[in-house]
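Sharing a structure below in structure tokens format, with a few things to ask.
A, B, C and D label the chains in the order they appear, each numbered from 1.
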Amino acid sequence: MSDWSYWAVQTLNGLQLSMLLFLLSVGLTVIFGLLHFVNLAHGALYALGAYIGISAATATGSYWAGFAAAPVVVALTGILLYLGLMKRMRRAGPMNQVLVTLGLIFVFVDIFRLVWGDIAIGTVEPALFTGRSELFGVVYPTYRLFIIGLGALVMAVLALVLSRTQLGAMIRAGVDNDQMAACLGVNVEKIFFLVFCVGCALAGLAGAVAAPVFSAHPDMGTEILISTLIVVVVGGMGSLRGAIAGSFLVGFAQTFGTVLLPHVASLLIYALLALVLVFRPTGLFPARA
Amino acid sequence: MIKTVTGALVCASFAVAAAGPASAADYKVGMLLPYSGVYAALGQDIDDGFMLALEEAGMVDQVEMVREDTEVKPPVGLAKTRKMVLEDQVDVLVGPVSSGVLGAVRDFVDQTKTPLIVANAGNDAATGENCSPYIVRVSFSNSQVNRPMGQWMVDNGVKSVYTLAPDYAAGQQQITAFADAFKEAGGEVVGQEYTPFRTTQDFGPYLSQAQSTNPDAVYVFYAGSEAINFVKQYDAFGLKDNTTLYGSGFLTSPLYVDAEGPAAIGVIGSLHYIPTLDTPENKAFVEAVQKKYDRVPSEYTVQGYDAGRSFVEAIKSGATDKEAIAKALPTVSYTSPRGPVSIDPATNNIIQNVYVYETVEGDDGKLTQKLLGTVENVKDAPNGCEL
Amino acid sequence: MLEARSLNRAFGSLVVTKDVSFALDKGERRVVLGPNGAGKTTLFNILAGELKPSSGAVLMGGRDITALAVAARARLGLARSYQKNNLFGELTVRENLALAVATARGAAGWIMRDTLSDAGIAEDVRDAALAVGLTEMLDVPVDAVSYGVRRQLEVGIALSTRPSVLLMDEPTSGVGPGMIQAFHQLMHTLPRELTVLIIEHDMDLAFDVADRITVLNYGEVVFEGTPDETRGSPMVREIYLGEWDAHA
Amino acid sequence: MFRQSLLKTLTVLAILAAAIAYTFTTGYFGKELVIEAATLAILAISLDMIAGYGGMISLCHGAIFGVGAYTYAGLTVLFEVNPFLAFAAAIVVSAAFAFAVGAVTARTHGIFFIMATLAFGQMAYVLVFENKALGGDDGLAGVPRLDVSPLGLDFNNSVQFALFAVAAAALSYAAAAWVLRSGFGRTLVGIRVNEARMKAVGLTVWRTKAIAFAISGALAGLGGAIAAQQTMFVSPELMAWMVSGTVLMVVIFGGIGTLVGPIVGAVVWVFLKHEISSATPYWHIVAGTVLIITIVAGGRGLYGQIEYMVERRRLKRLAAAGVPSTATGREDETHA
């Protein structure tokens, strides 16, 4: 393997991780920006997405069944949580939200154990994306390229919706000042609900997409949670730009940290988080100045 | 007359046993296992294996079981151990899965002279510099399962390896044991990396690095979900096509191999047990496990079974109290499903065969284990152990 | 005593403070007038240290304090009250005042003694409460008192630190006539050596208490003079005092 | 503001009496539970001081606790330092670590503060986990208990050690109550209620926050040093972020901002967890549900709810006795 292609592959690794983190964190950050809600159970929704993805794929024999089912089921679960719990926690302050959703993590972990067992389970990639592809002499797993592509697609769609459509304008208004937006005739509640559903669906999608690469196990949501929170906080909560910047920073720091500074790799993202917060106490691109 | 009296007594004792086995039990066994947390499945396998051995010996009614969840946390494990020894007053302890828990309970077990049958935790030091006459290991030591692979791989034409393992004590011991043996046999380790323990999900960066050193083989130690992720990603990155993946056999344990899927085919590992061993003892065992628990036994099931079996053998030899059980345990020797086993009097670690196996697709399309070679009676050096 | 030198501040392309300069003598009472959006509160924020000016300097007692943070300025004797109530809601009036007094007296870090039961602090609390007419209210939680009382407390907190320079941002905004009257009295009971800068909408009060008046418009100082000069200025009349004519 | 009410005093004394009585009557494991509850109570008190009164929700208290445990264990095991000296050092080192975290994170608020403390806690965890000299993930064994033989006592006797832990918890409560009743404690509450105004009246807020963290850290370190002696073993698990999460749950469960609630929470948690986890391996689901219910029910917690009701009655009585009060005006007041 040539030097050039080695670094190209590592860059792709960084990109792939960044996209996965993006899918996971964008929902979390927009929900925070709009609803001021800190949802630690977001990681558990990701795990649920992975489990649903695997179960649906196993039952039907098609990866795409899981790919389609996971966002829907997770969004439905999100709706139940929203109506049953989170709606009434909206004004309860970040600490109570953190704790309620921490409780949810506990509940979810045991539900996963009861339904899917203690042992990790896995699934295979779709036939369409098995094997490896060659790009400019660089060989890379096709499925990972698919993840990169999907992440970029979601990123582009969200950016377009937010900047170019009526709906996007309303969401931005809501993030800026929800009371003002309500005065301007925006049905804020409806928008909140919609955004919450989309955020959950994206977490579910991330789970289904991650399932063939990582196995699904009860603690997977808790494991990914910290990285996701770091992405969101480093980027600055509530903004798409922040989620993108945070994902890339964390994804690349983690990838190149393991390559270049293997001995401090596990410290690196925490150091990054601490550093950003010391100098920018509300993250790099906060939704509100 | 006498006959009927005896009969009545026998009936009565059965009735008592049925009514309250706790009060009628002759022995108390404390299971120190993870029933929740990342190793819960391992804990369950060990427990099942242990119960099977008791059942086989017809001793279920004579033994009262106390089960405590270590949660894979050393302080919790220690607290539970104290409870079982001081309050429940168990005669023997079985467990733990995690070496961390074993390290935590070692001094306490030694001081209270409570026999502990180690049913998994492989830390070398437990039967090395920190050995104890009360700690008998019937599972394996980290170096025991890996050392034989050094010579075996060189013998099979592998000249250079790249190694990977999680960055914690077990990972380091497993890899070091292999690497030392491999180098001694004339091989070359071209690269070595330790990945952050339990936080590494994406092995991409490491795999690219391994690939760039162009080794004959990659040798790793991973278990649990890390094993599944690693095996799948190793395949996805295409390394498997021209670089065989070797490893400590936990990598493709029957417990995870289904989750790994076709990516596991062709992976070669060394382990103290595989369910496809062609011996009468193993066949009977596999059948019994399938009948009772409806699954293929894993190495953990066998460890649980041997923990139970060695306890049974110790009792059969006439041991009745803690001290006697501790004395009797190291003397047991029998043919286990995994082959002939005995306890090394110098370290209290098990002496057993290590099997080199390849994961292959069976006739029914399911993944299975193909035996490639057997290294017999592998025994650890005392490593500072004085019993 | 307090001096602004060519202060500028912009938010993006919007210039809210433009080359503002003025100087207050010790004991001077200065009122800042100006229509809504003239940049009065921004100016206060710059003087108090809550905003950094884009350029220019703030001096107190001849010392450049531009680089100092809010707390450091407060320790030099610069106190302020806010246009929007900025109180300790769940605490009682007494506790509100005691927090300010204790901080000003350097007792905020006492580990061995309680500031709430300290005689010296209690005396200052009583003085401040008396000055703003809250003696009867001391043990009522702020969350349970009326808006007017909160306005009184807002000034009371600023006063209780025994400042040498006091900035008051529309102390009577939103209160009834009775309370404005009480405020007139308060102004006259303040120690004469205290330097005071007030943003005020109530013209009677402004002309009653001011030694000099500064008028801001679009972030700029457009006029400065005595109350009489202000009354006589056609420019001030044009941009601002139409309202006041109607009142008068 | 903190007030050592009659209810607080009675509750603390009742728990103290119950703990002592239980220690003398229970079996071996019961004493272990008493010690565990006592150390958890110390940690929870330490967290409530800054979270409940200072408004700083720390997710690194597990790590500070661990720093105390490791300082004690490291000094006694690796350097054979006198245990009393190591005990004092544990308190000092954890206070210093906490001071640094408090100082650096002082500018962040809300979820950002929570995450910043998490980051520092995790860094400490990783550093210990990967430090071979401190035993890495294996931890350090053979930690001695304080040698109190000159006093004619023996801490290897579990009754005596349990009483020592209970006494330490009681002292921690007294120390925290003392601090909260001092000028410093008042200032801390002032920062929680309105940090901007505290600055405006001249307070160097970061210093107060850092000192509060240091005091809280000293208590957490004390708890850690006792925990290290209880198990005679330390491992990085002590410092994992879930430990901090658990302590926060305990504080909430008992009643945040009441100082007594955390003790109640710790006692109930330790005993309940023991009962549930011996009944089912799925105890997380129970703990999670209890936590959710606690918060949804108003978030006051077990003891907090009782204190709230008692306080409300007291205020009503005061009002009836003629303490002046005015009509509540509902104005639009935006909190900056």
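What we mean here is this: a contact is a pair of C-beta atoms (placed from the backbone, for glycine too) under 8 Å apart; a residue touches a chain by one contact, two chains touch by 3 or more.
The structure presented is a predicted model; accordingly, all values stated were derived computationally and were not measured.
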{"item": "Touch-network distance, chain A to chain C, counted in steps", "value": "2"}
{"item": "B-D compared against A-B, more contacting pairs", "value": "A-B"}
{"item": "Nearest-to-centre chain - CA centroid comparison", "value": "D"}
{"item": "Rounded Å distance between chain C and chain D, as computed from the means of their C-alpha atoms", "value": "41"}
{"item": "Chain A-chain B separation of Cα centroids, rounded to whole Å", "value": "37"}
{"item": "Where chain B and chain C are represented by their mean Cα positions, the distance between them in whole Å", "value": "75"}
{"item": "Sites on chain C at which at least two other chains make contact", "value": "none"}
{"item": "Multi-chain contact residues (two or more partners), chain B", "value": "36, 40, 167, 196"}
{"item": "For chain A, residues contacting two or more additional chains", "value": "113, 266"}
{"item": "Contact graph of the chains (line, ring, star, complete, other)", "value": "other"}
{"item": "Touch relationships between chains, expressed as pairs", "value": "A-B, A-D, B-D, C-D"}
{"item": "Residues on chain B engaged by chain D in the complex (per definition of touch)", "value": "35-36, 40, 68-69, 71, 73-75, 78-79, 82-83, 86-87, 99-100, 103-104, 106-108, 123, 167-169, 196-197"}
{"item": "Residues of chain D that touch chain A when the two form their complex", "value": "51, 57, 104-105, 107-112, 114-116, 118-120, 122-123, 126-127, 130, 241-242, 245, 248-249, 252, 282, 284-285, 287-292, 295-296, 299"}
{"item": "Interfacial residue positions of chain D with respect to chain B in the complex", "value": "27-29, 32, 36, 126, 129-130, 136-139, 141-142, 227, 231-233, 235, 237-238, 277-278, 281-284"}
{"item": "Residues of chain D defined as touching chain C within the complex", "value": "1, 179, 181-184, 186-187, 189-190, 193-194, 196-205, 208, 211, 323-329, 331, 333-336"}
{"item": "Contacting residues of chain B [partner chain A, same complex]", "value": "36, 38, 40-41, 44, 167, 193-196, 198-199, 201-202, 204-206, 208-209, 211-212, 214, 224-225, 228-229, 232-233, 236-238, 255-256, 258-262"}
